[in-house]
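Structures are listed in the sections that come next.
Look at the two complexes coming up: chain A is in both, with chain B in one and chain C in the other.
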Partner chain A sequence: MNSRIDRIILVIFLGITAALAFLPNFVESEYLLRLITVVIFWIGIAGCWNMMSGYTGYIDFGPVVYFGIGSYVVAIAMTKYGIPFFPSLLLSGIMSSLVAFLVGIPTLRLRGAYFAIATFAFAEAMKQITLEFDRTFSVSFFQGSDGITLPISGHDNSFFFYCVLPVTFLVVLAHYFIEHSKFGYGLKAIKEAETAAEISGVNTTANKLGAYVSSAFFLGLFGAIEAYWITYITPSDVFNVQKTVQMVIMTLLGGMGTFLGPVVGATFLTLISEALGARFVEYYLIMIGGIIIVAILIMPNGIIGSLKIRKKFRFI
Partner chain B sequence: MTGLECRKVSMKFGALAAVQMVSFSLNPGEILGMIGPNGAGKTTLLNCVIGIHKPTSGKIFLNQIDITGMKPHKICRMGLAKTSQIMEPFMAMTVFENVLVGALHGGRMRMRPATEQTEKVIELVGLKEYASKLSGSIPVPARRRLELARALASGANILLLDENMAGLNPHEIDEALEILKKIRNSGKSLIVIEHIMRVVMGISDRIIVLNYGSKIAEGFPEEVVNYETVIKAYLGDKLSSLKVA
Partner chain C sequence: MDTVFAQTIINGLLLGGVYAAYSAGFSLIFGVMGVVNLAHGELIMLGAFTSYWLFTYFNLDPYLSAPFAMVFLFLFGYVVQKYIINRVIGQPHIMSYILTFGLHLMIANIAIKIWTQDFRSITTSYSGANVAIWGLNIPLARSVTFMVALFMTWGLWFFLMRTETGRAIRATAQDKEVARLMGVDIRNIYAITFGLGAAITGLSGSVMSPFVIISPEMGLEYTIIAFCVVVLGGMGYMPGALVGGLVLGVAQSLAATYLNAGISVAITFIILFIMLVICPKGILGKGTVA
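Right, the complex of A and B next:
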């Protein structure tokens, strides 16, 4: 156990986060600040997926549903009930985790591809429900495909930077604690051999549910922040399966079930799409596809995962 | 009376009765050998005991508490741990971490005492040299011992060993027997399923014999091997007259 190396990485991580907190004071360019915010945003979201799927090995193919629920809760709370942003934000997280709890109980009994299909189906179902609910019941609640326009915040980019940074910080920090805790060892045991974990005393249901619910809580927060940032949401935007795919790819690229995986993967993918997107507007998606394929071929366990194996170096 | 008791346990998979009306008890500090031909229902019976299967009928008591149909992790935390015949280490984790899972979750310990417990258990079963190796990369005898260590780390008072010595050579078997004796001397009771007669005969206080899911004999080791029914179960009708055992 290289807990010393882990501690050094933690200190570096805390240092970088502290340094980032002062960033808006120095960065002149709004574009750069926004780009950095987006990177941090995706690190957090990919981290949410990793928290559940990376550690337990249960491939969640519908995490976007909790993102979407977060968006809708904040939108409805703010527009229909006039609740200010921060209480609404908290409400989003709580609602997302509550739904995750109820959905998790039946779906986490499924294993392998069946779990992936069930979560995917649930995400699609939620999209359809928000789309059709108002028309079916003749009410005006989710506002279907018209979407909801949130109150214009009037906040600048640094406000959202400071919204995203602490949440991502908590997500990454949660990874560190998962790595070194009883809970985390339980999750990793479930990933390796679930029955063996159960007979070794791991309460598999409670552990899986714990990971699923915490992942949903943070996704709800991110969904809420994005809704307030963009100020206009529709079901097909916030429940878009592309978000799920992006979380999965970022984590796989960085390394599943590792502390730094989502950080590296999300940074790499966001920056590279930004760099290529500006220069090769028409072809950049093809190029990114190629890069992902090559990266996965060379490093099947992701950047961090492969480093860990090649160097026989055990760190988070 | 403390210990483990099975009362008329049956387990049916569809029309197949894997275990039929088996009753037995395990006293504290005792080593109970369990033998029987392949497919006799030994593993299924133990899986019922630790909660992997819910028996179709019958009751199982641990320290006089009814544990029939409880979840495996609860049963493990109550002090009943099993090693698996099919070795299932947590491959991507080190040997140390494997055992740690048993101590943390099975033993319901906090990180520090669990680490100490793990070190002790690894020392006891002689896995020290492998402690920091990935469990997927260690040889079979070490994996067998790892299974044992994981069960021990949970602090269970009763250990169920399902062919924990399969595939070991005579020298390794001797080492494993030494470990089992140490475990018994620390006050734990064991149920040992084994095909290697030298092991079962040498270590068991009592033996029960299963065939086609039913208990066909029970007694002291030297008695049991001379029972007509047992010889028949192992050697068939024709040869039983030879009384090989």
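Right, the complex of A and C next:
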């Protein structure tokens, strides 16, 4: 029963993605296309966080660091070494996952609040280092608070739509495999009871590291795409803790550790901020604060999580 | 001894005293309830604003308005814990982080709405005053805050060790189920603990007000520093905030003098990260580890 529903949802998901691929041909308004791209972008980013923290229960408070590393790798590769965009994009993903691997080994031993604070500290340290590196060592590499201007792409919005769509597609597909693989069961076991999982033969370190590194890989790709899209990056922008917060809140609103959670949460929050942000600029953040508090108090499992408990669906 | 070096150390210790003063409440709240209070900086902001308004309208000295800030913040903290945070106790910790982050957004932005984003300061007769000893400058207001930090750490220790409520708080921190069976009203103790944490944080915000910039948006950076201080000293271990604050203050001061001011922030986070990885129990090794 459950696996049949899962398969139906997978087919629907593939259908929607295929339909979306033709979208730029039909959407006249550049604004609408951009908005849809942003929604898909955030679905992917929130999904990256969910892949790691949603399934394992290890709350990563510094995922933005891999986003930022992606942005900086692509910017430096393109401006300093003249590498074209797509190879640089791949390089961003690889660099991000490499850093995640090296950082993950010591930090993933920490639990609870300690892991959250360590990841947060690492992200803030990287931000400050990119900001101050040049001034401290009198070189010109990260260009500190001046930021880096990337070559103007000359591509229109649909180019970036087609950059973001496949990456988000892969992230959501990765969720499907997590739900249906031994690897995913391992992650869920870590969330429920790590010690018991370890005793039962789950290689907890390898599983956690796998989830952490793959989430960092995709975040690096997103960071690189955004850098090329906006063409100007500064450390305080790409390492902004606000991005982390947004990923966490989106996933939490949708439902942590569920396949559709980030999709629903990111769509909901992006559209809400688009609707409220323009009309009630002054009250916007107060409202977001209120929405967060109310959501946590009445729906601690998120939209999808609550449905899941009520309807006993595994997936939705 | 080199004067620059001595001055750097003194600046560091005084800065550390300020850090210790506003981090003790964070440590208390984490130690008892496991709540990482991301709205901590807002409590400092409210304390500082209490002093600011009392100074502006009644010309009341910030040191005299400190008790008002304490009482106000105690009530505020008590209500917030009782009606909001208590509802997620027992759920995964992430809920409390997000909930307090929501509170941070609401409090800070409502404050912006009411008080605007203006930077304010309290200028008293002693605001910029220094005492010169052997060619070294010792800022007066910071020294007072340093004293307050020492006194507060002692007072908190005394309260927790020697009073009935303090005993109930310690029992709850150790094992809330057993404490409940022994007749401790857990929810009330939680509310009192948060109120107490908020009160000492408000007090520190109030005694800091003569020499810091007061604005509704000041909170987040204080929350981040409090994080670092408490982890360095050992989370949930009260005197740890004092040790962590002093170590961090001196480290930042040295980095600012001998490297540059910007890199001292980077060093803060590098120290924090290394500390967590090598020794999550803090410098003294007495923090709690989840």
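One rule holds for everything that comes next: the second predicted complex is superposed on the first by the 314 of 316 C-alpha atoms of A that agree within 3 Å, B and C clash if a C-alpha of one lies under 4 Å from a C-alpha of the other, contacts with A are read in each partner's own complex, and residues count from 1 in each chain.
Note that contacts are C-beta pairs under 8 Å (C-beta built on N, C-alpha and C of every residue); 3 or more make two chains touch, one makes a residue touch a chain.
The structure displayed is predicted, hence computed values, not measured ones.
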TODO: May I ask you to name which of chain B and chain C touches more residues of chain A?
DONE: C
- [ ] Applying the touch criterion given at the start, work out whether A:188 contacts chain B, chain C, both or neither, answering first, second, both or neither.
- [x] first
- [ ] Check whether A:154 is in contact with chain B, with chain C, with both or with neither, and answer first, second, both or neither.
- [x] neither
Task: First (chain B), second (chain C), both or neither touched by A:82 - done: neither
TODO: Return first, second, both or neither, reflecting whether A:203 touches chain B, chain C, both chains, or no partner chain.
DONE: first
Open item on the list: For A:135, using the defined touch cut-off, is the partner it touches chain B, chain C, both, or neither? Pick first, second, both or neither.
Closed with: second
TODO: Under the contact definition given at the top, report the residues of chain A touching chain B in one complex and chain C in the other.
DONE: none
Task: Residues on chain A engaged by chain B in the complex (per definition of touch) - done: 1, 180-182, 185-186, 188-189, 191-193, 195-204, 314
- [ ] Going by the contact rule at the top, pick out the chain A residues touching chain C in the complex.
- [x] 53, 57, 59, 61, 106-107, 109-114, 116-118, 120-122, 124-125, 128-129, 131-132, 135-136, 245, 248-249, 252, 256, 282-283, 285-286, 288-293, 296-297, 300
Open item on the list: Quick check on the complex: what are the chain B residues that touch chain A?
Closed with: 50-52, 71-73, 76-77, 81-82, 84, 88-94, 96-97, 100-102, 104-108, 110-111, 114, 132, 150-151, 154
Task: Touching residues on chain C, where the partner in the complex is chain A - done: 30, 34, 36, 84, 87-88, 91-95, 97-99, 101-110, 113, 224, 227-228, 231, 235, 259-260, 262-263, 265-266, 269-270, 272-273, 276-277, 280, 289-290
